[in-house]
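As written, the chains take the letters A, B and C, and residue 1 is the first residue of each chain.
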């Protein structure tokens, strides 16, 4: 599948999700899933929507109350709304309880959150596990407020509802699984995190159109942290048994860097395979697990310890717009999405071709008689077929495709056509 | 135990030992042990004094004759003593046999040892295993001597006596042992080696006042080389069975550097634990076993191969005053001793807290409900608890405290209060 | 054996082989073997000559027809021979079929090979596995040719004959084998490859004069690639069972560098032992298996995987004269040969002394009583015997001589006399 418009297509999907007010529970999550279902097409892949009731014990955690938010604003004495959630849903502190009060400027300041170091942005702030109300605005705006009475108003509700997540499993020839996850809980921020679900949706379509695939693919969309924990509490046995490699997608829409966040020890198949592809890009950064921050935390937690890594363009926390109103649709781009899509589909291809190969003959095969070696031998002849020779040399049945790639310093992705040729010539067999 | 005067206290103890004329056998050793016994307090810890008779076979070695030295001097023609052991006991070659002779200047020179590269110092020279007599003086003094007759006089004795060493074992909750050793054979040199026994004595008191401790502590004071070999020949089975880590103390009183001398392969618990502490200091040097020189040689010798490393401030052989009369009480300082004491007591603390910890819940624990996580979540919240999160992430039951420390790049010593907190919250259990 | 003329001796042998027209089959190979047999002396070592008939299946390959070449030249219209194989046997494309034709300049150019980047040299070109005819000349000469008719003439024959190789096995005290191989198929090029067989011949004489040797030595002379494959197809079981280390010699006559080409993973005894010697030279280059190019390819091929490395002075492909008429007797030198001979005979010595040694006593041996330690102990005494002390420290029975050499950073070759001394003193035993 070569789709020249794939970047734009993902960008547009991201743009559709951007305006929704999401949190770890509530209708924002449900709306997001609906948009994704529309994109992937009802007949092809149907998302399984799971609702986990408030109060459910999930490992060390409990599913919190569901949050419904209808309106949130602050009015000045003249009745002018100085901030209004309708304009930017970051203005309300996530999980705010209702309030309807007239307060002095000093009182107001006790419930307003700003980002002092970036005075022009609205920060993203939440209080999931302690009931309070609050507003977010730019430091500049706060500084400009004059003494007086302010009307603070939040029409919200915390009630026994449920936490929503979705998954879909696309069966392959074997029950060995590859998994992609991303999260659906952040409000209007483009890169973090409308980009992850958008790219994940595109990957579902990529897998669906593959003629055959060895791996079974699992796609998961959940609220961050609590949703991943919920997912794990219901699926850990299955994942422990079948998951070979998983990738958490976050911040995959900008065009500045490529990042891998390694697993606990950086030694799983997920690490070596994804890094093999990531490091073929012009620029990239390799982060250890100490730099984790998204749901790779949960998938690598003690007792869980699954082979899951993180993938980002510029990593969360490493770009200034992160968790502010500046993380908007200008920050992401069709080129950014295209790059992520390319890395991840190449990773899928590499994984599908990844085997322990062994040469079928004893000793160096005679490539000449198979038309794989120049018939005139002179200075430089050998170099023309060097990669092929290298690939053969290390195909001893003890190295997988990524091991060979590392040993011979050629990206796994570039070896695929050669492996194909050697298989066609009956020179390669799978262990 | 926080004792602000500990540096001065150890310095004073060192100063008491400094004037004694010690060798690998004899009363100097016995006097040294007596002073240490006084310091640690008879009622608290009683040193076991062992006397090994001359002629005893200890591994490949034999206990030599005991050496008694009463007087040693050189007089010029006028009867003036140009050197006298009473002024500095380095003036006599260690283990000199008696002599009472009148010699020419040229004859004199055949039995005088100097250090040509440091013309102003008296060098420290011995001849334990070949009977000879000799004197040590500065090169400058030797150069200043005029032709004439000199009276060389040594009143000493080599006789069937014994070699003296001491040890003490402070039992802990288990029979797993930690060991400290230092040596008692060098005459009047402060850093090498009055400092080692002095710090070791302070450590005995530190261990004694610990309320409870898992490890059994073994302290050994022996003449260097031959004493360590004697000790091993009597205790090897016990040490092979129970010793988990040992440290040889030498040159621990100056204030210029911190040094670790690694074991044979640098891969034992002693190496990883002591280095973990040493490398938190402002300055430090890591020496491989190729730079060994003190009794870590014996504890790592073929067939012995115990987990023992060396600890120094500036390492023996690496400072100019080493093995000369300049290694005096000006070279060591309360600050120098305090630094050694700090490193070694922290090492004890770390060892006592060192376990394979495992998180008691499945998945990431919810820190918030235990008051261990900020209730408002915004940019930077996560970083406040990062070390705690890291500690939890690697507490999978497969890493000990030092492994986790290396993995998360935080000194083990700093992790102790966090481990304590996690244990109090029933989130950590020991394997 | 100290032979001050060894370099000149090998050079002279090389010079005798240089003029012969060799290919992968034919009388050139046979003549080469005859010269070597003369050099080593009939009575001492007798080469076993093997003839493998055309058509024989050897692993994935088939022995090709034998090539006989009698004459090859190009005449211009005036009957002047512009090139003639008699002047340089590189002028004929290796394995050319016969031709006797009058052609235009344009037609001529289709069967002439040159090296554009080195316009003054005649390149070395072959076409073993596809029948064609051809000539090689310098680019300058080709450029100077004018329009006209040229007579191209090759009197050659491809017929059912055989492929020739030789080997000899010199039995040692055990059936563990060390192997040297080189190749006999290249026409008149000095470094690549008259030098390899010449040095190999000198090594046969070196081994022959050894009074006793633990290893059995195998020497192999074969046409490159196809000859090595033939050799392996007949000897693989034997080699798999007994070969401990092997070295392929190629380009061992110049004086610019020393090179090792590592085995598949660079982790065999051959790698660690040869590199131990190579890196003692003033200059050297370590190549990974990715830089292979001579018969180490075959000995490391999938399913073969023997402990075989390559040794060169300047590696094939890394010097400009490689595979051209400039690789002549001026490129190699007595000094160049002497250096190779030194490395390889030292390697033999090291291998013969290589054991897992263990100190016979428990703890540090007392060197003094054996006259191995100074009797007066002062600053610096210890350093005088430091290497000896290091050697003893790591002689725990778990390290071979090369392991110890790496651990203590002293070349294995320099440890031999010390091991000898320790064995004489009954302090070292072999495991």
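The rule we apply is simple: a contact is a pair of C-beta atoms (placed from the backbone, for glycine too) under 8 Å apart; a residue touches a chain by one contact, two chains touch by 3 or more.
Values in this document were obtained by computation on a predicted structure and should not be read as measured data.
In a homomeric contact, the two copies may use the same or different surfaces; for chain A and chain C, under half of the interface residue numbers are shared, pointing to different surfaces.
Copies chain A and chain B of the same sequence differ in orientation by 120 degrees, per CA superposition (steps of 5).
Chain A and chain C, compared by their mean Cα positions, are separated by 55 Å.
Multi-chain contact residues of chain A (touching two or more other chains): none found.
In the complex of the two chains, the chain B residues touching chain C come out as 59-61, 93, 113, 115, 123-130, 132, 134, 225, 229, 232-233, 236, 264, 289-290, 293, 297-298, 300-305, 317, 322-324.
Of all residues in chain B, only 358-359, 361-366, 368-369, 375-379, 382, 389-390, 392-397, 408-409 touch chain A in the complex they form.
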